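Order of writing sets the chain letters: A, B, C, D, E and F. Residues in each chain are counted from 1.
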Amino acid sequence: MPYINIKITKEGATKEQKEKLIKGATDLLVEVLGKNPATTVVVIEEVDTDNWGIGGTQVTELRKKS
Amino acid sequence: MPYINIKITKEGATKEQKEKLIKGATDLLVEVLGKNPATTVVVIEEVDTDNWGIGGTQVTELRKKS
Amino acid sequence: MPYINIKITKEGATKEQKEKLIKGATDLLVEVLGKNPATTVVVIEEVDTDNWGIGGTQVTELRKKS
Amino acid sequence: MPYINIKITKEGATKEQKEKLIKGATDLLVEVLGKNPATTVVVIEEVDTDNWGIGGTQVTELRKKS
Amino acid sequence: MPYINIKITKEGATKEQKEKLIKGATDLLVEVLGKNPATTVVVIEEVDTDNWGIGGTQVTELRKKS
Amino acid sequence: MPYINIKITKEGATKEQKEKLIKGATDLLVEVLGKNPATTVVVIEEVDTDNWGIGGTQVTELRKKS
């Protein structure tokens, strides 16, 4: 009965990509730990690039430079 | 001073229902553990049905079948 | 299929008290939002009083004063 | 490689304020624990005032009284 | 720069299994969303079976029945 | 009434360092957003190096190489 929380920046992930994340994360827990998929929960949270920082810099600013 | 985080799918919970969740969760911690309600924090997070999966399936798809 | 995370300071909550928190939080989501209890997950996390602060003060220190 | 999650009520924090939170939280981990800023992640989550409660009361209602 | 949090009950996952979870979750984000693995963070949290409930029942009790 | 969650690897942070993290994070929210310190909560979680990965590698292994 694992709970997996995936946080990503909000940059256009599609419904299909989210489906793959949900399927892939569930399969991972089944394969590695033999968990029951029926009670495995995956929650994806999309965070505005203004609200995410790495190395002390806002992702919004990092994206401008790259 | 407990912190309670309630994650639900975003499917139309009303302001009144959220009030009941906040009140109910706070009361629960007071009753069971004698916690101080004044510093008990409840945060409700509503998640798009595309972003929630159980049993490896997106809730958006589960809702279509039910 | 809600997910409820309860964080409390580690100060001796018993197995029975935890059972009451799990039962009470599940019932709350069923009553207020009509959620399915079978897929409602409750996770309790106990945090050392050195690791919890409120008002800028460690709970370990607050307990000494009270 | 710390991970810092800051949850605040959604009440108009600006891009500049979020930058200061990201910078300040990263600096704090570097100064206090000597962590590597390059792999320090800060995620800010803004929560509707209907979805946040303290003392059993919705922040939306607390704001009306204050 | 995704952040993945995996919560499981504390029931003896080995260092090797945790390595597989870390590797697998990182690969998943790279494959599905093209994320940079270098800044992908995976945190596994193991929770006592007394502290996890599903269907209103403590996992400790569920394990006795199964 | 912000809630700040700091996750770090469990590598010997002292009570005094944790006090500084709690004080510093609380001050940050007061300075940047004018938040009320009395209801600002900081929770530090220390995670075993086996349970933390970056770049697909367990921190336990990264530490051996560095």
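The rule is short, and it goes like this: a contact is a pair of C-beta atoms (placed from the backbone, for glycine too) under 8 Å apart; a residue touches a chain by one contact, two chains touch by 3 or more.
Since the structure is predicted, the reported quantities are computational estimates derived from the model, not experimental observations.
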{"item": "Chain C reached from chain A - shortest hop count over touching chains", "value": "1"}
{"item": "Chain located farthest away, centre of chain C as origin (C-alpha)", "value": "A"}
{"item": "Contact-pair overlap exceeding half with A-C, pair selected from B-D, E-F or D-E", "value": "D-E"}
{"item": "Farthest chain relative to chain B (centres taken as mean CA coordinates)", "value": "F"}
{"item": "Separation of mean Cα positions, chain D and chain A [Å, integer]", "value": "20"}
{"item": "Chain B and chain F: spacing of chain centres that average the CA atoms, whole Å", "value": "25"}
{"item": "Residues of chain D whose C-beta touches two or more other chains", "value": "1, 3, 7, 25, 39, 41, 43, 45, 52, 54"}
{"item": "Set of all touching chain pairs, with the criterion as stated earlier", "value": "A-B, A-C, A-D, A-E, B-C, B-D, B-F, C-E, C-F, D-E, D-F, E-F"}
{"item": "Residue numbers on chain A that touch chain E, as the complex places them", "value": "1-9, 13, 17, 20-21, 24-25, 28-29, 31-33, 35, 39, 52, 54, 59"}
{"item": "Residues of chain D that touch chain E when the two form their complex", "value": "1, 3, 39, 41, 43"}
{"item": "Residues of chain C defined as touching chain F within the complex", "value": "7, 45, 47, 50-58, 60-61"}
{"item": "List of chain B residues in touch with chain D within their complex", "value": "15, 18-19, 22-23, 25-27, 37-46"}
